[in-house]
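Shared between the two complexes below is subunit A, which pairs with subunit B and subunit C, respectively.
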Partner chain A sequence: MAGTDARAIIEVRNLNSFYGQRQVLRDISFHVPAGKVTVIMGVSGCGKSTLLRHLIGLKPTGPGQIFVDGKDLAAFDSREMEAYRKRIGVLFQAGALFNSMTVQDNIAVPLRVHTRLAEPTISIMVRIKLHQVGLTRFGDYMPSQLSGGMRKRAGLARALAMDPEILFVDEPSSGLDPITAAGLDDLILELREAMGMTLIVVTHELESAFRIADQLIVLDQGRVLAAGPPESIRESRDERVVQFLSRRADERARDQEGYLAELLAAAGGRDRS
Partner chain B sequence: MGIRLDWNEDGAVSVAIEGRLDLETVPGIRKELLKAFKKRRPTEVVVDLEGIGRMDTAGVALLVELRNLVSGKGGSWRLERVSESVMKMLELARLDILADAGADHGRN
Partner chain C sequence: MTSRTRKAYRVQATEGPLVELLRRLGRWALEHVRGTGRAGIFLIYAVRGIVRRPGKFHSVLRHVHFIGTKSFFVIGFTAAFTGMVLGLQGYYTLSKFGSEGLLGAAVALSLIRELGPVLSALMVTGRAGSAICAEIGIMRIEEQIDALECMAIDPHAYLITPRLVASLVAVPLLTAFFDVVGIVGGYLVGVSLLGVNPGAYLDGMQRSVEWLDVYMGIVKSFLFAVLFVWICTYKGYYAGVDRGSFGPEDVGRATTDAVVVSSVAILVSDYVATSILL
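After this line comes the complex of A and B, so read on.
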């Protein structure tokens, strides 16, 4: 399925996921090849971010399994989970910075907590990371002083602090101008090239997805609609894949909770009784 | 794995680093080098990277720190036998200038 011969560092097997009674993921299976960029894409509400939460161990697996280097993630003891967390970096959609710390202290946190590195070494590493994400002059800023896009880049710098073996990125382009977004795509490709990093990127940006992916997983209403190298997805004749690629949004695929909230707000706004 | 220092009579030293230069090994290698350079101030430092198997950002940071330490005290500094993988890391850190032989010969 992966369209590549690289070793599978993560394997998802028949994963199902629920929020209460509502099923979000349905029988998902795929491999994440080591040292490659896997992009998970789909419209809002298709289950992308939920899948990411499962992969990083934030949401327990329900029916189905996730294997990391052949071992069931659900069977990890606390020591194994801590070791896994040291191997991964995560960039959440909003950056998830500590608001009470400067940007440079945010980036230094994992290095201070998880390594024996001396402060001068940490200080240089933090500046290298800031430079990589284009925030060289903003180390002394508090997160509240940054724009959304800058917070996102600061979050990426922190996710990269430990040079993780596996980097998870949730919607890298959201909130960024096109030039900065393209710069982040370049950085993702550089990380793969220079460090052999395994990247799992969740996005709904088609252009970015096709640019960076070695493997694409297209989710639709909680199911894997298509998976494979970008060229095979592009050439797919599956009606829903074609529809997704031509950006004709399917009403059924909308985030139902968000849709319901919109309807309730609309109903509340018109209530003059 | 580790480092090997080879001093000559003029105070020039060749530092050969073997194995990994990463988050785990940098603290020990840094300590050893700082101790050696405190004991004897080098006039020239040549860092031989041929034996490096893996280098990450911590390794790059150590090279930057060494460069500042040596050239700040009037010594010269250069990298030697930089492998392709090390070069890629330097490029990723936007510091491939460190590998330019002769680009930085301190302030002597």
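After this line comes the complex of A and C, so read on.
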């Protein structure tokens, strides 16, 4: 179903998001073209993981909408949500492997639940996925016996088990050494080339983001700062984008007034007690 | 600006304590009502999993092994000593009235009606309940439950239902085992050690224990089986969710909560169940 044309498979319109009283996303709008790699980039705490949770339907949308193939995600009934989730794969930050089972059993979980395939077929499919992520020899290992990078790759194999149309990746390179991280990036590019998959990657790593992105979305304090192909972001004259790219961002200097207000509030709070 | 803020604070301070108290009370009440509702829905989802996703026999079996088989030793041990102390205490109390012959009845009735179901449920909560809560809590903080949802797998049916079914199988069996071992323990102390007539011990037991007593014990053990799994899995499932923080200390807190709340719930519901069934 994944077309090679750049039709929007997911569209986010004026999305706002809150944790209690705190607003983490403000008026986010963008669309995700099918068959491309979209990278959502930003410093820690800018709301990118929250955005991801909205996109995979783990956090209900507040004001604003997310459209999947033109249908509002918030209006999905449980059957439609199930259908959507069978179309997606998610690689969580630490892999989120089930500790109580071996790597191959982890990968077999979605196959065992959703298909009626015979056990030998499942084991072949598991082996293919393990091979795809370069963990052929590690099927019998428990997740706790693997390194961080291997756990992530095993998580990727599990996310790929049902051959998803859209793959979400949360921080592929966090906590990994540069070489392992680059390997994971290559894997992501391979997936796009070989299977025409739509990928949405959340990361704070500039280098990795520019390497893999067809489209970049830069988030800053819950807003979309810039969006477009990597070249246009790199050539942007916008002061904040430039600052973000050259990593000179000094949160306090940037938000002096807010900092002052914060100090006053703290002093006031002490006054009261 | 400062004088204005000061003034604002002063105004707030005069109407403060009472309003603040009411506000806190309201928030506390709302949180508990919401929590109770959520726990109820949680149980309904878990029960629905039995109908919706039948089979997965080996998963249930694995949990029966964990909740039941692995508790065998500790239950047997507890039961033996409970029965022995009942024999000892019962003998000295009954001998004051010259009715040592009733020892068998006393031991069997207290075990079958009360101590068997309650103590085995408490022991299982301490041994398996805490582990279940911690396991599910870790799955929550490591995003494994989110991962299940994203794979279109209902976490209630996948994680909670097998444990619920396993507990319904294991806890009543453990209770029966507890009763038998306890009665044997009472026999050892009463008959072999203190010299009560063995015929009187067994005959008194046979004549005084009725179906209603056994029935009461069975009903209670099923009730406790549901209670302990419900509370322990619920606490683990929502570990850290309300605080919005997902760290190891949230799992620790959830586990402590789970054991305390389950134990209290077992004791309270024991009273309620007894008063209804009697």
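The rule is simple: the second predicted complex is superposed on the first by the 244 of 273 C-alpha atoms of A that agree within 3 Å, B and C clash if a C-alpha of one lies under 4 Å from a C-alpha of the other, contacts with A are read in each partner's own complex, and residues count from 1 in each chain.
Basically, a residue touches a chain if its C-beta (ideal position, glycine included) is under 8 Å from a C-beta of that chain, and two chains touch if they have at least 3 such contacts.
Quick caveat: nothing in here was measured; it's all calculated off a predicted structure.
Peer 1: Does subunit C touch more residues of subunit A than subunit B does, or is it the other way round?
Peer 2: C
Peer 1: Quick one: classify A:His131 as touching subunit B (first), subunit C (second), both or neither.
Peer 2: first
Peer 1: One more residue to check, A:Tyr19. First (subunit B), second (subunit C), both or neither?
Peer 2: After superposing on A, A:Tyr19 lies in contact with subunit C but is clear of subunit B.
Peer 1: Per the contact definition in the header, classify A:Arg85: touching subunit B only (first), subunit C only (second), both, or neither.
Peer 2: A:Arg85: touches subunit C, not subunit B.
Peer 1: After lining up the shared chain so the two structures overlap, which partner does A:Met195 touch, if you call subunit B first and subunit C second: first, second, both or neither?
Peer 2: Once the two structures are laid over each other on A, A:Met195 reaches subunit B alone.
Peer 1: Kindly classify A:Pro110 by the partners it touches after superposition: subunit B alone (first), subunit C alone (second), both, or neither?
Peer 2: Only subunit C; A:Pro110 stays clear of subunit B.
Peer 1: With the touch criterion stated at the top, can you tell me which subunit A residues are shared between the subunit B interface and the subunit C interface?
Peer 2: 162
Peer 1: Within their complex, state which residues of subunit A touch subunit C.
Peer 2: Within the complex, subunit A contacts subunit C at residues 19-20, 56-58, 81-83, 85-86, 88-90, 92-94, 96-100, 109-110, 113-114, 155, 158, 162, 268, 271-272.
Peer 1: Within their complex, state which residues of subunit A touch subunit B.
Peer 2: So the residues of subunit A touching subunit B come out as 115-118, 120-122, 124-125, 128-129, 131-132, 160, 162-163, 190-191, 193-195.
Peer 1: So in the complex, the part of subunit B that touches subunit A is made up of which residues?
Peer 2: Contact set of subunit B toward subunit A: 22-24, 26-27, 30, 56-58, 60-62, 64-65, 85, 88-89, 91-95.
Peer 1: Considering only the defined contacts, which subunit C positions touch subunit A in the complex?
Peer 2: 5-6, 9, 12-13, 135, 138-139, 142-144, 146-147, 149-153, 158, 244
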